[in-house]
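The same chain A turns up in both complexes below, where it pairs with chain B and then with chain C.
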Partner chain A sequence: MNIIKQTLTNMRQQPLLTGLTIAGTALSICLIMIVMMTREAQIIDYGCEPYRSRTLYATKMILKMKNGGYSSGSMQMKPIRELFAKLKSPERIALFSPMISSVNVNMQGRDNVQAKAKAVNAAFFNVFPMKFIEGRAFTQEECNSNMPIAIISQKTCRDIFGQDKDLKGRTFLIENHEYRVAGIVEDVSPLLTSAYSEIWVPVSTVPGVAHPLGNTVNPEYSMRVALLAKSSADFSKIKNETERALAAYNKSISPDTLDLMEQPDIQEMYVNREWSNKAPDLTEIHLHYALIFAILLIVPAINIASMTQSRLRQRKEEIGIRRAFGARRSTILMQTVTESLLHTLASGLAGLLLCFAVCFMLGNYIFPYSTFEEITDKQLDADILFSPEIYGWALLFCLLLNLLSNIVPAWRASRSNIVEALK
Partner chain B sequence: MIELKEIGKVFRTSEIETVALDNVNIKINKGEFVAVMGPSGCGKSTLLNIIGMLDKPTSGTVTINGTSGEGMKDSEMAAFRNSTIGFIFQSFHLIQSLNVIDNVEMPLLYAGMSAKERRKRAEEVLRQVGMSHRMRHMPSQLSGGQCQRVAIARAMACNPEIILADEPTGNLDSKMSAEIMQLLLDLNEKEGRTIVMVTHNEQQARQAHRIIRFFDGRQVE
Partner chain C sequence: MNNKRKNIGRRYSYILHQIWNERRSNWAMMAELLIVSCVVWYLVDCAYVIVTRAMEPLGFDATNCYRLDVSKFDESSVGYDTAHPDSMEINIADFLALADRLRHDADIEAVGYSLRNDPYQGMSYSTEIHYDTLPTSARMILCNPDFLKVFRYRGANGETPGQLAAMLKNGNVLLSHQAFGKEYDTNKLIGKEMKVGISFGSNDTLPRRIAATFMPVKRFSREEITKQKSFILPATNEAMHQMIYSISLAIRVKENCAQGFSDRFRQKISGKQLRVGNYYVNGFHSYGELKRNSEAKQDTNMRYYTVAIVFLLVNVFLGLLGTFWLRTQHRFPEIGLQKAIGATNTDITLRLLTEAILMMTIAFLPSLIIDFNIAHANLTEYYQGETLATGRFIICAAISYVLMMLIIALGIWFPALRATKANPADVLRGE
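Right after this comes the complex of A and B.
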């Protein structure tokens, strides 16, 4: 208690030094949390993508021709129908078009509104469960019967109809084609890139370039598959079945061959799969993160070490007095370590608050895949804004670094000559 | 009680060697008040530091209450200082970031006393030195005389048998010096504490039972 009281007094008495030490560590924690948050926003289970940890994805493919040529690009409907749709081991198989640009929607006789639309199958709403305000998701039967129905977000309802309730069964136009409202869902955060859209229509109603959505997406040539496993333990089972199915599929398209490039992917591979002809190197990505963290942590650690050294030099006399009156070296060391802990805790709290402030103010620039959408505070889900695990690790790392940067100066101070210290 | 045998202390740097104490032999009995005098740089403070186990002699042995400092570990020395010796310094050496009562409690903390006991004992010794009305003050809010009273209270906190005072009145005016001197005399006479005091003041030294005089690291009287 005495040590804590004294540490607080020391902190008050040296506002500049204390401020700089806390600010340095707080900034470090804040940056680590932001970096981790941007990563977590893509990976962890949250919002209406709660099963990411037990979902596998296939989004790209290479078709290798007999003559040595090849064509790489987005996953096409043919292999989805003939390969993925036949898999038995996944619990659900969701199909969805990748993010597409805006389409014109309107209510008869009213002005056009721009909205994002996505072509999906019925299982999509099982893999990416949304909060229905009204109505329900469409069934596979409705999908199969090419029924022109749509699920709409609350915001888009307001844009089109001027209201977001009592709209089930109402009709509206997508690029002048009539659709009926089957359900209204809460707005989905654009950070949830698989689930995100403003209007979801059955993939069967989007047959190709002739269709309204065909201007921007042709599901025949650009779709994604999400395979929901019972648990991540089933991943190898699904992958093995996919390999067998691929072999059979390749036999059917011989002499051409389809290359899935190690797909289906786990979430982390999926979000990092940028190129259609190359699988991402997760080791390289992890090393990249490790390097960022090392820089974020080492710079303030050096700063803190030099500040501790300077603070202990100023407190040389106090250390001498304490040792004269019976403090052991280990006690002095312990006191410095306690101070370090208090500094880190204060920095941790400041870092967390700073991180929240930065996320709310600069969300648009920080989060990936969000450049086309404004990130509002409502869309920054609490699950990604505060992950106790990330915060705990960031705090622990800073604590360790603070300790490491404090121990050497503290150890030197504890071994200093008492008589010299009291001169 | 305190026995110094053939004590030598040499300070060495890469270039020079300074003999601070040369073959010093002193015996101080329990309850004695000894004044140590001599010109600046003659080794008085070095002697006090060696008696107080703040420094180790280059040669010779220090025995206090039958315990030799030779071969003692740092932690043993710290515990011994805490229980047996109280220090009073010329420049008070109060911890500026602690208030009066916390300064006095500090040695008790290292003695392993509970917070309640510490507070009780600190209040008791502060009352004894007439500083109970300044317990919550910071050292910077006190006069020199008051600081030295607090330092005396701190030295007494663990109830040590020996008090080592290094020019305790060196920074005080004559009135304050007389008050501090009286406090030390009371500690010796009424409580039977052994006091070794380094001083330049002949008048104060004469109030002690015995004067030990030093010159160039040697005991001359």
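Right after this comes the complex of A and C.
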């Protein structure tokens, strides 16, 4: 307790330096947290995508043709039907189209509404569970029979019908095709790029025609697969089975070849797979982040080191007197370490508050647009903000920062010659 | 005259000596300034490339223009018109009639349709073109003549959009300026024939007469204009057979009708006036909106660069504040003495500022060497094929230097104010 009282008094005696140290570290923590959060938002399990850590994805493909040409682009329904749909090791196989950014929806007598839509299969709602307010997800039989049913988010229900309950069975038009409401779900956060949409309609998984959904995207040529494994330990099993199935598929389409470019992907590869003819280089991406964190830590560390040095130089006299009266070197050191800890706590708190403030005020600006999707507004989910994991990491970084920059000057100060100090 | 110069020289050498003497406590500050200078330069360079590309001429003008969403009723749709069954000839006829109806609208100045060649389209078709034995790969623009009026393409020799449109007839092709590279002046090719490989699956090379050249046109606002090679072919009936399922429709609104156009047009859409057979317009997007969407990712990156630069500069600011605050306190005796001799407050402030700027410049010079090496190692963005160009390097280094200077000035402000409070009387009392 004594040490803490002592430290607090010391801090109060040099308000500017203490303030600057805390401010610098708080800023670092805030930025580290924001950088981590923007990355984690894409990777950790949360919300309607609670199984990201045990899901593998396939979204792109290259078809190499016998005359040397090749066409690369989104995964298509043909390889999905003949390769992925036949896999046995995944627990579930979900299909979802890329976001169809605006479909025209209307009810008789009401204005046209532009909504976002996705064509999905029944297993989609097992892999990306959503909270149903009314009704339920489609069954596979309903999907297979091409039933014109739709699941709508609450907000879109209000836009289309003017209300968000008692709508089960009501009919409406999507791109001039009649659909029936099968269920209403709670709004999904746009940050959950796989699950997010405003309307979900079935896509058939038997050979045949995918349900028409406007002229913008044809699900036959643009579809994504999510393979839910029983646990991440099963990933190698699934990948092996995929490789065998790929070999068999290539035999069947020879002389053309299908190249999956290392898919099916784990979540982190999946969100970074920007180009349809090149696998993402995770090492490069990790190096990028490492460099960013290094800079976020080194620059403030230098600041704190030099300020600590000045602070301790000022207290040389005090330390000299204390040493003359018998204080041990270890006590002096302990005091500096305690000061580090207190600074860390204070900056940790300040950094956290600053981070909240920034996220709430500028949330729309800092979360990155996912490549080639047309999602234009990202709201921050309260779920991410309160993840103790991320905060724990940030605090750890901060502690390391403070300790690193305080230890050397503190050690040197405690070793200083008493006579020199008292001069 | 000579004396004045000597005095200034003495002042600088005095400050430099002081910096050297205090090097133990200066090392941290200098190291930080070095690192921050390097990183700030890198970020400024990234931003420079984005901004320079954005400032290049677009080659087209899409103000007051809109892309129309055209949908088609099919057999399972509610409202399908059985009198217009799904056949190529009927589809083409209906689409063209729809375009014609739009052309006669009072608000609309011109209607253009193309093989997804309007701006901000993700798809493009490239093929090889040949003049004599000289090949190059170029983007194909397949459109009706009015398309050039909608987007106001300009001729390389001053032709207006209307004149270019008039030249877009059967057997003709329009070629972008210097499509074969800077060494081959395309002006000399006007009137000559070039071969175009049509990329609709067949390998026919049709000879076409180059009627005129036009100023290069970007697809997206942030591309590089020097890479834009393209050629324009007219959308003949035969071409329509290939285009009809991948066609995009755009309109230019008359300038004096721009006010309130959105509402009027939306009414026409819901009033079902814009339907011919099974083709109908069911939405529209302004090119301003499409431009912003396409720039979104880079704009986010620019935001990150700004945040990073601000973060680094704030750290430098805090560091400077901390270092010089204490230093000023230690130097009170010295400052008091200077004031007693006759230095004014401005002199004191300037002395402190000079010290900080000299420190920063000394740290900046090695950072320039590091920056040069980073650019030389191709670790920065490519612009016009290079990562290291004299003009670009000098401008980015200058911007970084100015940013650092500004933050130094800000960081010295409070310590300087404090320094001026040194009272000669107090100091001399102590002596």
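By definition in this document, the second predicted complex is superposed on the first by the 401 of 423 C-alpha atoms of A that agree within 3 Å, B and C clash if a C-alpha of one lies under 4 Å from a C-alpha of the other, contacts with A are read in each partner's own complex, and residues count from 1 in each chain.
Quick note on the criterion: contacts are C-beta pairs under 8 Å (C-beta built on N, C-alpha and C of every residue); 3 or more make two chains touch, one makes a residue touch a chain.
Values in this document were obtained by computation on a predicted structure and should not be read as measured data.
Visitor: Record, for the superposition on chain A, whether partners chain B and chain C clash or fit.
Guide: fit
Visitor: By the touch definition at the top of the document, which applies to A:27: first (chain B), second (chain C), both, or neither?
Guide: Second partner only, chain C.
Visitor: By the touch definition at the top of the document, which applies to A:300: first (chain B), second (chain C), both, or neither?
Guide: Only chain C; A:300 stays clear of chain B.
Visitor: Rounded to a multiple of 10, tell me what angle the C-alpha centres of chain B and chain C make at the one for chain A, in degrees.
Guide: In the superposed arrangement it comes to 100 degrees.
Visitor: Check whether A:182 is in contact with chain B, with chain C, with both or with neither, and answer first, second, both or neither.
Guide: Neither partner.
Visitor: With both structures fitted on chain A, tell me whether chain B or chain C touches more of chain A's residues.
Guide: C
Visitor: Tell me the contact category for A:258 with respect to chain B and chain C: first, second, both or neither.
Guide: neither
Visitor: Between chain B and chain C, report the minimum C-alpha distance in the superposition, expressed in whole angstrom.
Guide: It is 15 Å, taken between the nearest C-alpha atoms.
Visitor: So which bits of chain A does chain B touch that chain C touches too?
Guide: In chain A, no position sits in both the chain B and chain C interfaces.
Visitor: Could you pull out which chain C residues touch chain A in their complex?
Guide: Where chain C meets chain A, its residues are 25, 28-29, 31-32, 35-36, 39, 69-74, 76-79, 122, 269-270, 282-283, 293, 296-297, 300, 303, 307, 311-312, 314-315, 318-319, 321-323, 325-326.
Visitor: Mind pulling up the chain A residues that touch chain B in the complex?
Guide: It comes out as residues 1-2, 5-6, 9-10, 13, 317-318, 320-331, 417-419, 422.
Visitor: In their complex, what parts of chain A are in touch with chain C?
Guide: Of all residues in chain A, those touching chain C are 16-17, 20-21, 23-24, 27, 31, 102, 104, 111-112, 114, 173, 175-178, 212, 214-215, 295-296, 298-300, 302-303, 305-307, 309-310, 314, 365-366, 368-369, 371-372, 374, 376.
Visitor: Which residues, counting only chain B, touch chain A once they are in their complex?
Guide: So the residues of chain B in touch with chain A come to 49, 52, 54-55, 74-75, 78-79, 81-83, 87, 89, 93-98, 102, 105-107, 109-111, 115, 154, 158.
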